[in-house]
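First the structure, then my questions, so here it is.
In order of appearance the chains are A, B and C, and numbering begins at 1 in each one.
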Amino acid sequence: MAYEVALDAFSGPLDLLLNLIQKHEIDIHDIPVSVVTDQYIAYLRSMEELSLEVASEFLVMAATLLAIKSRMLLPRPPRPTTADEDELAEDPRDALVQQLIAYQRIKQAADMLRDRAERQRLVYSRPPMQLSASAPDPHVCLTGVSLWDLVDAFRKLMNRLQPQDRVAEVRVDAVTVEEMMNQLLVRLQRTRAAWFSDLVGMGRTRAEWVTAFLALLELVKEKRVVCRQTAPFEDIEICLRGEAEAC
Amino acid sequence: MLTPMAAALEAVLFAAGHEGMKTRELAELFQVPEEQVRSWCEQLQRVYEERAGGLAIVEIAGAWQIVTRPEFAPYLTRMAQRPAAATLSHAALEVLAVIAYRQPVSRADIEAVRGVQSDRAIQTLIQRHLVREVGREDTPGRPILYGTTDTFLQVFGLRSLADLPPVPEEADLPRHVPLFSHPAVSPRD
Amino acid sequence: MLTPMAAALEAVLFAAGHEGMKTRELAELFQVPEEQVRSWCEQLQRVYEERAGGLAIVEIAGAWQIVTRPEFAPYLTRMAQRPAAATLSHAALEVLAVIAYRQPVSRADIEAVRGVQSDRAIQTLIQRHLVREVGREDTPGRPILYGTTDTFLQVFGLRSLADLPPVPEEADLPRHVPLFSHPAVSPRD
């Protein structure tokens, strides 16, 4: 549990990096990339050792740091006497420094907002006075609100119930691949075709994603569904075999 | 300039709203004898009279409260007739939807569904006579349960609650999360 | 001694409670120009400050209202059981800060600043009515643009977006990072 707290302590790779910089009182404009990179990667390693999932963004940042580090090791071009383009050659750290500074300001702004909200919470108001008694009007007239607005509000509310709230209600006995295959077939019979991401992406937990994916593979193997993709990286369309011509 | 104690008393009476605070309650809050509280209240009452503002301190049924002075009633009547208040905020509509479909329901239940504080929206709905207290839940603290009113039915043109349109998604929702449920297409007029 | 107009204003603001009254609404009620009303409100605000009572006049989200002064909160928390405020996560606060200062802004922009996926936090903020969709960007894919709501102003006690405090050390920032350029005036309802 305590590990999760440690992980949560950083809201992203920039947060972690900024923390390292502050902890070691490093000048943000002149970051010793090699030191920071080592520490950053050491941190990721310790996360892995604790079997914590390291979000991909953290890994991307590690790669970025390594790239900057290697570029810093390259010999700089000899300094020309005139101020031509080469002298203005960028410091490989520039982009990252800009990003860090921008992020630091956001963190400050976030802190400030939190302080304000806390101060505001110390302020009390009172409910409006019951004025309708002095102006009796039994016909409350609502404009711009229809019954459908009400239904819609409720439906949306149900739809956006926190995923974790829903997960709590899932039975302990997990869905089997066979059950999932049936569910997928039922759904495909209803809709004829569906996007791969819709089919698999509706899983609430990692286990469900995997089950759905396996079920889909099984259906492909049994030649009961057909997949097609119009261009590389496009979403994959899944059709029932036989319906393929129609979709 | 008010004394710090008078200022604190003013803040408390203001926030207490139309229910006011009994002398005994104030004495407990400020940890002083009741006579002391009574004398503070009377002092504050005099201060209010002397400044001739829009408000007064009164003691009604043993409870001290701040009220508006009667001579400003015409403005308040006009305020009440403001047509501007005729629409419901998004938040109020959501709360109304939860109450309509889930009644009787407590504030805690409503907030659990919405994930946000909802007391203001509930107050607004009560003021508009769309929602009312229908009882108390039989759990510790006996929280108030809310339900819709006849005005609610009139406003939305319903014969009875049974007339509320079924929410498409609801049937699918309960116990087990249907992993691959079809996204709801709600009928619209 | 308050002037009769100030007294009437005080009564009206008291009656309006936490809903407050917008300058325009007050102007209609008193049948005077908005500037006149604004000056009355500001005068009353000063009177309240000078008497150092338990109350203050504030303008939040464009609406004038009477509230208690923060220093009396200890008495009031004891008195009124306020539902625990749902606190925002670190991530959600960061996203809110980006949206508040740079609105209207797309998810991609937010993620560029934070260096991390932000869709969950955005959903949380929408759910809490702190943030809403304000339009679409005129670029391929027409991504959704987000902005803050009136609830945001209320929660953070701001008169308007122009009231957002400047982030310190603004001078230190290099020119070409227009991170905290003045918030664009976004259409609001």
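Quick note on the criterion: a contact is a pair of C-beta atoms (placed from the backbone, for glycine too) under 8 Å apart; a residue touches a chain by one contact, two chains touch by 3 or more.
Source: prediction; values computed, not measured.
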If I average the C-alpha coordinates per chain and also across every protein chain shown, which chain's average lies closest to the global one? C
Most distant chain from chain C, judged by the mean position of its C-alpha atoms: A
Euclidean distance of C-alpha centroids - chain A vs chain B, Å: 37
Take the average of all CA coordinates in chain A, do the same for chain C, and state the distance between these two points in whole angstrom. 27
Centroid of chain B to centroid of chain C, CA atoms only: how many Å? 22
Two or more other chains in contact with one residue: find those residues in chain C. 14-19, 66, 68-69, 76, 80, 85, 127
In chain A, what residues contact two or more other chains? 124-129, 131
For the complex, give me every residue of chain A touching chain C. 8, 11-14, 55, 57, 61, 98-99, 101-103, 105-110, 112-114, 116-117, 119-129, 131, 160
Quick one: which bits of chain B touch chain C in the complex? Just the residue numbers, please. 1-2, 6-12, 14-17, 21, 29-30, 50-55, 66, 68-69, 72, 75-76, 78-79, 82, 84, 90-91, 107, 111, 114-117, 119-120, 124
Using the touch definition from the top, list the residues of chain A that touch chain B in their complex. 124-132, 134-135, 137-155, 157-159, 161-162, 166-167, 169-171, 175, 180, 183-184, 187, 190-191, 199, 202-204, 208, 212
Spell out the part of chain B that touches chain A in their complex, as residue ranges. 11, 14-18, 68, 73, 76-77, 79-81, 86-88, 90, 93-94, 96-98, 100-101, 113-115, 120, 123, 127-130, 151, 154-158, 164-165, 167-170, 173-182, 184, 186, 188-189
